[in-house]
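Order of writing sets the chain letters: A, B and C. Residues in each chain are counted from 1.
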């Protein structure tokens, strides 16, 4: 079995990875993404320069489960202009100023008539909110509450140069082939406009993970999927049902660059290998981390974990959605995202992959009593002081003691308190000594 | 499926119910109940004026499992009279003064000879204890410790005008028919004489629950059973064995009017639907409540939960038996019972019934991805601020996500932290939208 | 079924047992034990004077699983002598001074050349460490760090009059036959030289347990096994594989005489009857006790709990190995071991045996409702005050309520909070009253 070992050198590289990811994120930030359209395609193209991407366009009107792929939305310009000539909520300055999927508009109205179409956040008066109306034809502008309150009375010209037309929705995938056709699915939504943590952070982490794996041999096949939230994941699921049985583990990546601790949200099942691997790694290696129960709210885990799909798929974020004040506002900008937390998120994912790759059942080939490790160079020869047995030594004992063909490496990690990484290395050493082998019939998929 | 929804209006009616229950309890208080006899029959007759009751008389001498229905006991008068003519422990003033099932007596003896037949409570010197001797022929008097200590020396005439004779034991039942023949059994013991909380409180709460349900359509059939403690429940069980397989859930009601918090005591199995429903309701809606493990001590759950009967039957009380100083004494009088806690106990039972009625498995009819709630009017149309999703909205998501045909509404309530009531209403809305239906093969009976 | 009842009289005898065990331990202390050899045989002979022992000699060179029985080691003399004539690390004064299995030596060398062969404990400068080199030919001396630092410069004569030669390894067993051929295996390692707690304490406790049981009738057969650590248990296992299927429960005894609290370390399975019985007794009767999870480190549970053997075998110690500073040093001498803790350890084992002996499933022969205990003399006849029901009464109710043929006495002990001993006595009373019997098909072996 191939072993993906995330050693000290890779851990040390996380800081430089974070800097590179932040630079990529800065490039992507200004693009006007939505659930369809040119900004979304430009984003996919830029990511495709990092790792090869297969791009699929799904036509508007395609039925996808209970939904229909919507018409495409394009926008060139939007603002409101006071009769004095002063302009406000200018799309060109910040794409959040226009409500997503706003219908075209060129008219004049009083401030009072305009007001129901203006969105602001009274509690965060300096942030522009992120608002959209994908499925109900509507239009509107978003601005800071401070600016909203300072709008002069009088007539306003309202301009939205948008188009809504039959087009397509863009999906992008990168597949890294492992020795097995069983897959780990990594999903990041790519539909939010100028919001850096939500979810350029997820996009850049996923892209750099893909780049890293492309230089490695792995057991699992890794599928990286970039798609719009909700409608995008639903569209992919509806058009890839034959792929689903191959997916053994999955992870939704979002909000990976803020300053908060890592949070893992469990899959619907709650005790799949991905749940155990992710929490094992987070608890052991990133002690401030927190574990969240599954709920049918959040990001695209809602779709992947719907009852008719039910993939063993969890979610990794730092501060969860809705729990930081910059969430879904202009405050979620490039400065809100930190290179070092991007790098740490990337490393956490790799260690989760390491645990999943090593998580199989082994058989101790000398199972009666302990084998004599000393004559194999695996034990100190002059004993007597047992108080400082190092983790490496204990990992050998744990792997031997528990490897009865049905206990997996993650089981052993949980029982022993040792990291999956150190146990994975013990398994390599014991296999080299002829004391251990992978169980012939692998329990590949834990319920 | 019929839905029993306990809404805000019913909750608001609990206070008035409490006042009505307390008035009924006052009427019942003076009657001289025992495990057989006239006072027991008078009690049953008064309850029968509230809801129709089927009364069964089981003759003395009938074999009931390991027991025999005892002879009937009647009493007209009892007292002790000092040679000075002063009377003490007069039955006519308080029926607790005579030991239950005292044999007839008309004799004279010294205080010293009398003393072994006098019962008092040194630690609660102002309370008359409740004592009986159902199965060993004996006689005695109960009085306050203060009075006992003040008894003058000398001769006493001892008078007990009682009769013990072949008669019968009285059982009373009210059955509310639901759409299913599966039953919920509600039991309250009715054998204690002038003790208000133990168990006139249980009797009046059960009676008013029966009256409430008689105006409602329900899924379950509800059987309300009033019988003497121990021998009464054993007699009913022995003479109704064919009914037992229909009983899906059960609740023993007692001590429901004191000022303490609600206590639910688990069934013998400990994780039946009644256990989960009761504790779900109490924890969520009556936060001071406490959960007690099963033990083979207490009230008639001892019989219903004996190994050869083993009904899924828990017990609801406020302060448990033996944990308040008025327990089994004259201190447990009408003033010890509060209208407001009677009303709250009544409401708690209804909410437990609501949870049991709604607790079934549903099937999401659009299980792949989330269905588009917006076009069905079940979702806000212009999104963007996800932080204040109300419970009603979340209840829809939870019901949809979990309804795979084998997860019940109580499972969902426990996972989500939402109340069974709000989930029951979400189930109604989703069924109306064609998104949900009750699973065809219902898991009616959880082990 | 035979009942082993450990009553108050036996508990009271524990102190005297402790004194007797300590006296035996003092006798055994000076013998030069190792994993083979004369000192080991002398130890076994002395224990055989207390209880009959079957002694087996397994020849050097015998293959035992992954190991080979080593050559025998004998030693008569060892010291280092400075050119001034002063001697240090004299074996005759303390057998810990020579490294176990040191090869013969008679040579002269400088202190600098000698130094790599000298072992001391800088952190405990007054203790001589215990060091051995069983499987790699080597030699050396152990001394206090204080003495090591005071060694004068110059030439040293190094004398070790040892022999390493084909001989045998000594195993000793005592079997107490019960009414069943199912066994409880008690293991104590006997290979450490002058270390009192490790493991003369285990040897004397096991020996006195065997002596006690020899005067009792029991349900289980008890096998007491004394053998060298690691190679001894492996040798016994390899040469007694046909015995293993009879072993239902097992206990490794070591470190039972220090002043610390009792510690039970769980078996590999973690929830066998021995695990539940041991922890039930310790938690209930010795409240300072602590429960340790299984780990593949420690004493011979490592062998008994290897995956190809996998016996349901736990370990009882007081302070665990490596957690007291005297561990594996000259500080672990006869004064470090206390008669009272030896006695308490002995009593704890007996109570664990009591629980295991009584742990079976019973059937309530009057399972519908409670049987009428009053007419059988098992219940107070004039009731009314239920607050002070004593444990004996509750034990009757618990046994009756739970005895459905598949719930064992340990299950009932855990649910009820009552001790296994009081439940065992209730089972006797109820069997005598014809209300209870042992389930015909016993669940003898819980997984």
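Keep in mind that, in the parts below, a residue touches a chain if its C-beta (ideal position, glycine included) is under 8 Å from a C-beta of that chain, and two chains touch if they have at least 3 such contacts.
Not measured: the values here are computed from a predicted model.
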**Asked** Which is it for copies chain B and chain C: same residues on both faces, with over half shared, or different residues?
**Response** different
**Fill in**
Cα superposition of chain A onto its copy chain B, rotation angle rounded to the nearest 5 degrees, comes out at 120
**Prompt:** Distance-wise, how many Å sit between the C-alpha centres of chain B and chain C, to the nearest whole number?
**Reply:** 53
**Prompt:** When you check chain C against every other chain, which residues touch at least two of them?
**Reply:** none
**Message:** Applying the document's contact rule, which stretches of chain A touch chain C when the two form their complex?
**Reply:** 364, 366-372, 374-375, 381-387, 389, 394, 397-398, 400-404, 415-416
**Asked** In their shared complex, at which residues does chain A touch chain B?
**Response** 64-67, 99, 119, 129-133, 135-136, 138, 140, 230, 233-234, 237-238, 268, 293-297, 302-303, 305-310, 321-322, 327-328
